[in-house]
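Chain nomenclature is as follows: A, B, C and D, assigned in order of appearance, with residue numbering initiated at 1 for each chain independently.
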């Protein structure tokens, strides 16, 4: 008997933004599979033109409501590079703190609300409100802790306020920062409970070695700053040269563009960072990895979610150290932003967003007005790798029912925690 | 006395936006659980797999930027008794409308080069430009206390108009220092409040994300800042912000481009 | 103010913004309005003068000023007639018997001049929902009919189906003690009564300008035309009374919303002598907006 | 009470005095904004050093300590029948460091709110507080001398005039005298009085803005009218943002709204400060706006402060603090407008 399965998922649920899965499977072999982004394009790269850099950096965070701090930081770094602005250590520490908040809240959103229901065999978190209210509360608590870490630094997580080129419009209070430390302790406990919850779950078994790309920093597990590293190479590359290393290409069925470097596809995100920078994780995070059975290196895409849990522990432990460093350093009013002068120039900002490496690039005229803008988001970089994983995975599950195949493919998509609501993704290569 | 109807069914939908509004709603923790206990959530793609075509209250986030969005929002409108525009994109079109400054073909080309042939895009419009909206929750992102207020208004059958007072009022109620005193230019005097003046509380100027108040005096800054006889505070503002009249007026449109989308300019391609 | 004595206890019963509970006794749907009859918990009367208003709270919705539309001569309860305009008025309209509301008042020092009207001819003019405050006065005069001279009432509604207190007004038409004129702006097929705006019947009425007091309530535009007609009939400005609407929050001259030049409509009104209003530019600007006078 | 002699409190003793008070009751006074160094607001002092005696003018006047910017009037349940619960605080506190103009602002609200029926909450909160005034140095927006508040002491319990080392203390009430017993003071000598007098002279000399006619005249000018061109010209610039009202120590208009709990079990009624400059201030439900034109609202602010309330209470409802001009993002300056009104009236005459 020949079996023919046509899988089509219109608007995969529980992901950020709109994407469709289509797969054609005949007699257990995969004829075609793809994940296409069908998000309405928003044209940030076009309409940022003409705006002053102060507006540009505020507008840039509006690219994405989940990784607002990442987009903001990438935009600030690019703008500061273009305007030749140096920032103080305090500003850098504060941004890193806000950043940890975002990574935590974004990961928690994914772990509990987006991917989580698959682990507990429910369609969404809402049935759990009655089944396991304490777990839902814990999820919300952790998510809020992330928000509040960003908030104590920048007034809000979506979309951060006080962060501007050069520094902050707001003078931070040691008491407020200090007060977060109790919350962090509580959060670390909640993470231990999270780890216990996740120890019991069964993840689909798929192993496929690929190229892992992330930022890397000599002194720390890279989120806010660093250079571009590929697991296929020894030497990192400066973010300024991102166009040389990350080659984008278009496909005709998607509004997103695909990316490659040393291989036809690469992976970026929590698992890539874990693989590339494992040694720099905090001790607690390493223990968490052990408790969760995540060994280094790991080539199982479904474990991306587990790597996120490990990173949550890292972020909270590191946030605690950052607060100590800030408070012990004595917080200065720092109105560095007032010294920022308009000038012509261009610059690149690269950060590790929760979902992977993110680039912003701007060019400004003498009045500080934007001449051109470009962004490369992590999900666009992951798409080729996601499809390669799908191709590797379908034969494994080809005998299953259509529902199971569909569900497993959706889970695979979710494991990447794709974030496509931003829909800014394309390099104009001919420029 | 509050006379309840049966548990209304609630659905969340999104169009072109950053999805930050519906996500920040999750920040409400206990309050969200309290609010949701009065309703039944039947569709919320972002956080649940179930879908439903039957709902009473639809929260719609995002701007209408494609032909198929128009059809989709119309069908949502037909089904929902109550339609809420959630956030700036849905209510006043936020940054999305900035692309309307160019013909769609040009915008597509700017971003996608020649490879943008398959892209379906029309001038961005807020939801209320396409279908009637019962409640607007403005802001980029929405302010959670206001979301809560509107939710409670819906549950208790009350109407809700976005506050028609400028942000300055909330600055004063919070005893926040006016950023003009620091020499910055602020859009607060012409922008609707409801955000609890959060940007100014954190030392930044209001960016105008909630749209203009009714009868906003958008001519005032141009009339003020170019005067010779300014008093010390405003003199400092004028010195630090050598803006042209055009630049001042442009500031009002960053979130709130009220210029009419060019009707003749339609989707650059229909095949999507 | 004399130096306040420190730490004295506050007399809570005198706190103006705290409403007293009242129970909804009956409700009735009127055309484009709801009639609500209320009583205090202890059964005591409201003790109001015709023309006064109460601040009605529907808890969770807010508070709104509403005229008392019943007469103090019928003290078992008091009644409101409310048009759904916004959240509070809609909530009042949604009340059912047994529900509770909060009441502050009665408020307003400027009421209909029932004493001054004694032994005089009385002419009342109501436009639309303006019938609500006047109904209390009509009931009052009917209940004390011997104290007053000729009694004339003109009532204009938009369409026949907008006529408030239909049965009662029908009775008034029959009532020999009362010259009642009812008119509609837009008649329907069944309407056999008068047609035209409220000033039309007014033109026909002959009054004794020396011995008449007139009072009116209705939309702001109406006042100007009524005043012109009455002045034409040689009725002096001191004997024309208007009941005004403004935005009230407190009802006792503190919140500032209802200020009309130096007057607080809530406290000094809501019923004013036309002669007094004429001195106030902010009243004049409403009636003759094209003129921009700005004296106080 | 008979006027007691003035005392002097040296700076070092003053800190101890403050600490002694703070041990017994909260002290609210001017303190530097933690997030905006160099700017001040009234707030509870955590330590005696938080007191910033050299503060200029705060954005929001100290009236907020008696009628909070947003305050809960009472809460209610949504049961049948509803239960109401009043919130009253009767614990005493000290309001420290109020400039003469702001004392005058408190006095203005005492007048307005004590009109029967009295605003009990205000009165109750006023009774909780002991007021300690403090003399000041003017900035370029202050014009207290033009409305006669530069030496105002009403209402206060103690009044401090800064001296080289410490303060000259005037005792204005028995409660003030009782409070001062906690301090180590000495009798003020002639030199001390002279120093304080010198302070007041310098302060008056430092006032820049001047009305071109006495303040009483402004009421007459407003009463006569014919000033529409000035109103319209001012309104062209005005945003109707309300900052002039919401920062004014003598403004007392408010709004009341209900809010309910997310579980819909009950709620509360709140009062917030309001402003007559806002578009919807006089809008009624039928859609009519009784001051729909911006210039009408501008005129109303003036008439209320310098005519209606002036006539009603026999004092201008302006303390010369200059807050409205300082807060105005359209640079509309009260004294400038006054002088244009005066000029317009003179031209008319």
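Simple rule for what comes next: a residue touches a chain if its C-beta (ideal position, glycine included) is under 8 Å from a C-beta of that chain, and two chains touch if they have at least 3 such contacts.
Remember, predicted model here, so these are calculated numbers, not experimental data.
*Asks:* Looking at C-alpha means, what's the farthest chain from chain A?
*Replies:* Of all chains, C has its centre farthest from that of chain A.
*Asks:* By the contact definition above, name the pair with the higher C-beta contact count: B-D or C-D.
*Replies:* More C-beta contacts join the chains of C-D.
*Asks:* Averaged over CA atoms, how far is the centre of chain C from the centre of chain D? Could you give it in whole Å?
*Replies:* Taking the mean C-alpha position of each chain, the two centres sit 38 Å apart.
*Asks:* Can you check how far apart chain A and chain C are, centre to centre, with Cα atoms defining each centre and the answer in Å?
*Replies:* Here the centre of chain C sits 64 Å away from the centre of chain A.
*Asks:* Give, as an integer number of Å, the spacing between the C-alpha centres of chain C and chain B.
*Replies:* That gives a centre separation of 42 Å.
*Asks:* Which chain A residues sit where two or more other chains touch them?
*Replies:* 170-171 - these are the residues of chain A that touch more than one other chain.
*Asks:* By the touch rule stated above, which residues of chain B touch at least two different other chains?
*Replies:* As it turns out, chain B has residues touching two or more other chains at 1-2, 156, 203.
*Asks:* If a residue has to touch 2 or more other chains to count, which residues of chain C qualify?
*Replies:* Those would be 60-61, 86, 99-100.
*Asks:* Of all residues in chain C, which touch chain D in the complex?
*Replies:* Touching chain D from chain C are residues 1, 3-12, 14-19, 21, 23, 41, 57, 59-64, 85-86, 89, 98-100, 102, 219-220, 245-247, 249-250, 252-262, 281-282, 285-286, 292-296.
*Asks:* Looking at the complex, which residues from chain A come into contact with chain B?
*Replies:* Residues 11, 13-17, 39-47, 49, 51-52, 55, 58-59, 62-66, 68, 109, 113-114, 117, 123-126, 129, 136-137, 140-141, 143-144, 147, 154-159, 161-162, 164, 168-171, 250, 252, 255, 421-424, 426, 428-430.
*Asks:* Within their complex, state which residues of chain D touch chain A.
*Replies:* So the residues of chain D touching chain A come out as 34-37.
*Asks:* Spell out the residues on chain D that touch chain C in their complex, using ranges where they run on.
*Replies:* Per the touch definition, chain D meets chain C at residues 73-74, 76, 78, 80-82, 84, 86, 88, 90, 92, 107, 110-115, 117-121, 123-124, 126-128, 130, 155, 173, 175, 222-228, 231, 252-258, 260, 264, 267, 269, 271, 274, 276, 281-286, 288, 290-291, 296, 299-300, 303-304, 307-308, 311-312.
*Asks:* List the residues on chain A that touch chain D in their complex, please.
*Replies:* 170-171, 173, 333
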